[in-house]
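Two complexes are shown next, each including chain A; its partner changes from chain B in the first to chain C in the second.
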Partner chain A sequence: MSEKLNGYHVAFIIVMIELDVTVFSLPRILAENLGTNGWIGLLLLSAIAFANLGLIHLFHRVGRGRSPFEVAEQSIPRLLLKPAYILLAVFWITIGSFVCKKYVLIYQMVAFPTTNANLLYVLLAALAFYLLIKGIYNIGKAMTIFFYFTVPAALFAFYFKGQWELYRFTPFLLKGGTEGHSLKNWLEVYTIFVGYEISLFLIPFAEPKSLFKGVYFGHSLTTSVYVLLIIVSYGFFSFEQLQAMMYPLLNLFSYIELPFLNRLENLIFTLFLFSNLASLVLFGWMALMALRRAFPKARKNMLELILIAASLGIGSYPKILRDSEIMLRVVLYLETAIAFLLPAVLLVLAVYQARGKTPKPESGTPV
Partner chain B sequence: MNEMRVCCLLLLALTSAALLLTGCRDEKIIERMGFTRTVALDFPEGEEDKTKLKVTISIPKSEPVNARIVLTTIAQSNKEARIMFSRQNNRQIVSGQLRTVMFGTKLAKDGIWKHIDTLVRDPSIGSKVNVVVVNGNANALLQRTYKQFPSTGEYIEDLVRTERASTEIPISNLHTFSRDYFDDGIDPVTPLIKESKEALSLDGIALFRDDTYVMRVEPQKSLLFNFLHKNFVTGEVVMAMPVQDGEQQRVMLSFVASNRKIKIRHPKTIRGGKDITVNIHLKIRGEVLEYHGKLNLQKSSDQRELEKRMKAYVEKETKLLVEKMQKQRLDPLGIGQHARNSMRYAQWKKLDWREMIPDLKFNITADVKIKDIGKLQT
Partner chain C sequence: MSDATSGNSGPNTDSEQFGSSTDNNGPAPDSGQHAPTSEDGGTTAATGQPQNIDAAQTASAAGTGSAGGSAPSDGNGNAGAQAAAPLKPLTMENLLREFNNTMDLKYRDFPANGVTAVYLQYMIDADQLYRTLVLPFSGVTDEMAGKLLEQAIFERANTLEDAVYAILYGSAVVFSGDRAYKLDLTRSIGRSIEQTETETVIAGPHDGFVENIVENLALLRKRLRSSHLKTVSLAVGEVTKTQVVVTYIEGIANQEFVGKVTERLKSIEFDAIYEANMLVQLIDDNPNSFFPQFVVTERPDAICSKLTAGRVVIFVDGSPSAVSAPSSFFEFFTSPDDYYQRWHVGTALRLLRIVGFIITVGFTAFYVSVTTFHYEMIPHKMLLNLTKSRSNVPFPPLYEALLMETTIELLREAGARLPTKIGQTIGIVGGIVIGQAAVQAGFTSNVLIIAVASSAIASFVIPSYVMSASIRLIRFPLIFLAGIWGNFGLMVGIAFIVIHLSGITNLGSSYMSPIAPMNLKDWLDTFIRGPFSSLRYRPSQVKSPNKQKNKMRK
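Coming up: the complex of A and B.
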């Protein structure tokens, strides 16, 4: 546990937790909710996420590098915190599970129409278990590998130069969304960034100096990948077509034909298994941190096992794609709220504590 | 050490995943599959029932060379036909390698979106599948064998691909068709092919209004259509100009680069199509390697004269073509996309673009230049 995460690894952790199966429908989600030139809206939303990260950064400063759990436990009685920890743990593992299940359901549609979806899910969960018991330092390294498996697929964007036309963007700014603009529409788009709040829990595990460099870099990288894919999609598809397609990126990749290979979308989608596994592992890790705080005396690997078992149970619940999408959306809305509220509450506590007595010099000790 | 163990475990888990999955029902043994390469869809001949569909598929076999299986059935839909084919066949019919889908004229004139829809929806089908309209009966064309050529399915693909490279025809596949179908500022186009005694040939370009085939551009006019349709750089084109000085003039242009610019002008309030002026400027550059006519191309004054004649020819003929398309309320050139970009969103949404097309005012100007005349002086 003495090794600390470098900013480099932190960046990949942030990218991998933000990037998940939702990216395949992202251009459609934007066209539906924000309308024409949705990439501008995405940049605005990314800026809001940056503000949220700033809040976490501020907490890091004011809390002097203490873990969020330490700060919380100093002011709130443990009796109250324990159920909160358990609730959060259940919630986070639910997000990870729903993300993975949605991926598995689409994967089933694309590649294995008659294979049992739960079987595929069990395989993912088994991988997640092995990663979870290795601790965040090794997870960070695995994420680096996963990153190189998935993100370079975005470079295929340049393949579409010949079929890409600027005039398909239209000069209209955020017009033509299917329901007009509302908080709900913007929120739905915002959920594609969900996951960056993991930086709050990385505080005790990363080098204090490079942590937030990595976090900001990771988030910018995700935003750039999203914007690149959206710009390609908006010029390659017509606007109304984007709104009509379920997973525009699958169609986009299915257009690629290399001399030795075609129907590349199957390969790329399979590689995206890793980014969804990453979401499961990282949300699982957040859940694990909360559980460890609730049950500090649990046996080694016991909590990990319980989490994965829970994930199997939760993951088997959405059985069809339609349900899976609705459930995932609901938990992501909640998580967005948590991503803002948690650091805000913790910041208040940290400020309050700093004003009172100076905290005991236990900063930096890992949980 | 830890890292190594993580890696090993990952590897182990992945291999076991692969092993486990192959044990599932989704196994695909190539020898037991029939990969549909080409599908032809049409209404059955001599029947008025528009709910029935005659479907022919062509499945290439590896041996002997150019051998293939051709199956035909009558069904309610393409998918239902596939089930029927599987029944007749010792192989499982799959469509992951589908390359071309052909529609007969009768079906195309009735609208093809519902057939394209099922193809686009099917995750096993890619989006680069060629969409072709057959001038005549699509099923008969696919059933025939053309002795001198590769198996018919492959033959059609090659034909479409090579002709596309020389830009006789625009790109048309499932993606471009649905893209232009959904877009409110452009109409889809596909190549037209027909069978002759010994071979297949391109028979111009099919223009669609939404998803119904309404107008044909003859092969002689395909080039002019392409000038208007998009920018391109191509190998060779022949410009057959009308009789002048008692002789038919033919110019063979090589390495042609054509560039179109569209400018839209209109007042602030648009009352009808008459208020919109569409300026299309074509810039065409090419090398003249073959010329039949009375001009002496060694003289630069005669080169200039030829340029002038070509310019007049292109301007006149494209204008006629555009007028024909306007009469049919067609916008395959995507003028609507440009018009849309020239106004406010609410204004565009209020317009009934389709009904305005016949009244649009077109000004087409061409700028044709001979780059050089090859490496012979006299």
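Coming up: the complex of A and C.
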């Protein structure tokens, strides 16, 4: 705990939590919900996410760098907060588990049709536990290395230079979505950004100066990776193809042929194990923070163990890919709401506290 | 001592035993008697059995005393100054009693002036003994002898333990009247400077450290002529009392690390230390990690560069290796050679080693994974060859790979244990077995041989033997994982290694520096070897108070 995360690591954490298995279906989701030239819609949505980050930044300013828990506990009785913490913890570990389970189910579909998906999931959960007990500073270090493993795979996009055609974008803007435009459709696309709200909880653990630089940089990086992949997919596949394919990026990568290797999606999709593990660990870490607050006297590694055990239980629930997708979508909708509401509520509290009397910041970092 | 204990079986045996050890010194309470005279910090505190001396405590006094000393032999003198738990008075009789049944203990007296010298015959330099003791003291009067003993080379010994350790470290203890003096007569024992066999370079200095710490420190002083180079001597090992010297450059090294190293060395309570590689395992942050955590090298030029980079270096008497701390994972992939070549070549070599690392860790495992689960990843032109060569092999790829990897490891280990001449035979036999016969017998496929051989070769590209051995070991779990879960298992294994590496700290600093925490300036001297004009700063990991190392403008 002696050292604080600097901006770089915060950026990598943000990228790794935002980037998860949903990216493989992203071009389809975009084509279905937003229609042609969906990347423009994605940029708009990314701007909304930026606004949300701005809200968190504002809270950071007004709250004078206090952790969200401190702010909440100053105004709300602990009796009310404790169940809220537990609920949030369960919810966050659920998101992490569903993300990982979906990844495992796809992996099962791609490579191991006869292997029990839960077995693969246990491996991931064990890794998550191993990382979770090392604390956020070391998680940050691991995320940095995972980042270097995962994100450069996006550079394969340039492989498609020859087959990529601008005319496949069509001159139409956001037309041809399967259900027309509605809040639900845009929300579904927006969920691919979910995860950035971890910045709220990183406040006490990061260097205050570089925290939000890192957060904004991380989010921009994720957005640019998304946009790059979408532009490649939109120019490589036809619009109808995109709508028809379940995981367009898998198809995209399977097209790559290197002199020594073919069917690179096997490798690249496996590399994404890191980013899904990252999502599980980082959501798990948010859950852990909430649980620590609810049970401050818990034994060392006990809460982590409970969380991972819960994750195993929750992760075993979605049995087939379709169910898993629906469940994941539902929790991501909820999480989107939380991402907006939580900082908003906290901001109100912080403003109220700042006005009422000069706040007495707790010294030291919270556990 | 045992007699006394059994004889006085009093009500509380503990105090009896305690008393028994001071028995022959008379009734005086030990601590009270010696407290005023003791100059050592730990003296009065340790009132335990006389032999069970906390080496660390004694060392602290010695260490501070020798800081800044310039002659390499000063370590010995100071090591001799260590004493704790004095229970018996320092007399000739007591000293001889400590060394009873010691055939190599000699003493020499000078009847004209009543001076007597006691020393271990084989530890000291006979010529020096003659010049500094025999010649001046022969036939001189009492008064003259007293004057002679006032010379600086004679250091007062205050306690019996002090005198005992002085003798053990190669000094003579000189008695004159009721006073005792230590005289350092250490003889250089062991081979002299030779080329290191484990870390050779093509261009660059060829001398290497040897087992003799005196030679090693001299070598260091010869290269680093700075009064800021500090040497602190400690004694480590409850029984062996091995001399360990902590060196650093004042003003460049971070005192926090110096303090941590010294503190950890002092806290070692292990009976014997024989080697630097053994010592580091007693002081590292993560004893259960499979990666070595401190760079250990036999090359003086490498050690000098570590010192000037702000690291702390530890020498162990009896070991040709010196330890540099704190270290990072990527430091194990650098060699002094990189700096002696043009920077382009140095850079290429560094990248080559990283590629070597990737091949070592992953190549065989990837082969197993692909040939077991992901045949579609092999281009169809290559697939024909591969299936043809695989078709004769009756085992699954996992067994095939384990078989070959084990064979290679056997050959390597056999080669390492055998004398060079027989080792060559092993190489030839092994080459035939692995190369041709195994394939013809239908044990393995050709492609696997290439994978196994290239990963074995790649592992030897890593300059640090200890690191290379660790990396070769972690291949096996990865091969297993790849054999069971294909690419998924391989990635799980890699994720585990990454998580493990991220958790390792080195004297509290990050092992993964400069990747995490990220420092792009350090990359210039880690993954590549930038031109010297670009290497302007010391590594961020060492947190040097003097960050800039290069003040030249292009």
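Basically, the second predicted complex is superposed on the first by the 363 of 367 C-alpha atoms of A that agree within 3 Å, B and C clash if a C-alpha of one lies under 4 Å from a C-alpha of the other, contacts with A are read in each partner's own complex, and residues count from 1 in each chain.
By definition in this document, a contact is a pair of C-beta atoms (placed from the backbone, for glycine too) under 8 Å apart; a residue touches a chain by one contact, two chains touch by 3 or more.
Quick caveat: nothing in here was measured; it's all calculated off a predicted structure.
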Check: In the superposed arrangement, does A:241 touch chain B (first), chain C (second), both or neither?
Finding: first
Margin query: For A:176, using the defined touch cut-off, is the partner it touches chain B, chain C, both, or neither? Pick first, second, both or neither.
Written below: first
Next item on the list: Check the residue A:131 against both partner chains and state whether it touches chain B (first), chain C (second), both, or neither.
Entry: both
Checklist line | First (chain B), second (chain C), both or neither touched by A:250 | finding: first
Notebook entry, point to check: Touching A:262 in the superposition: chain B (first), chain C (second), both, neither?
Noted result: both
Note to self: One more residue to check, A:168. First (chain B), second (chain C), both or neither?
What the structure shows: first
Next item on the list: Scan A:113 for contacts with chain B and chain C and give back first, second, both or neither.
Entry: first
Next item on the list: Once the structures are superposed on A, label A:140 by its partner contacts, choosing first (chain B), second (chain C), both or neither.
Entry: second
Margin query: By the touch definition at the top of the document, which applies to A:306: first (chain B), second (chain C), both, or neither?
Written below: neither
Next item on the list: For chain A, give the residues common to its interface with chain B and its interface with chain C.
Entry: 111-112, 115, 120, 123, 127, 130-131, 134, 138, 141-142, 257, 262-263
Check: Can you list the chain C residues touching chain A in their complex?
Finding: 373-374, 376-380, 382, 485-492, 494-496, 498-503, 508, 510, 512, 515-518
Note to self: Under the stated contact criterion, what part of chain B meets chain A in this complex?
What the structure shows: 2-3, 6, 9-10, 13-14, 16-17, 20-21, 24-26, 96, 120, 123, 126-128, 171, 175-176, 178-184, 186, 334, 337-338, 340-341, 344-345
Note to self: For the complex, give me every residue of chain A touching chain B.
What the structure shows: 36, 109-116, 119-120, 123, 126-127, 130-131, 134, 138, 141-142, 163, 167-168, 170-172, 175-176, 237-241, 244, 250-251, 254-255, 257, 262-263, 265
Checklist line | Parts of chain A lying in touch with chain C, wherever the complex brings them together | finding: 2-3, 6, 8-9, 107, 111-112, 115, 120, 123-124, 127, 130-131, 134, 138-142, 144-146, 148-149, 257-264, 266-267, 270-271, 273-274, 277
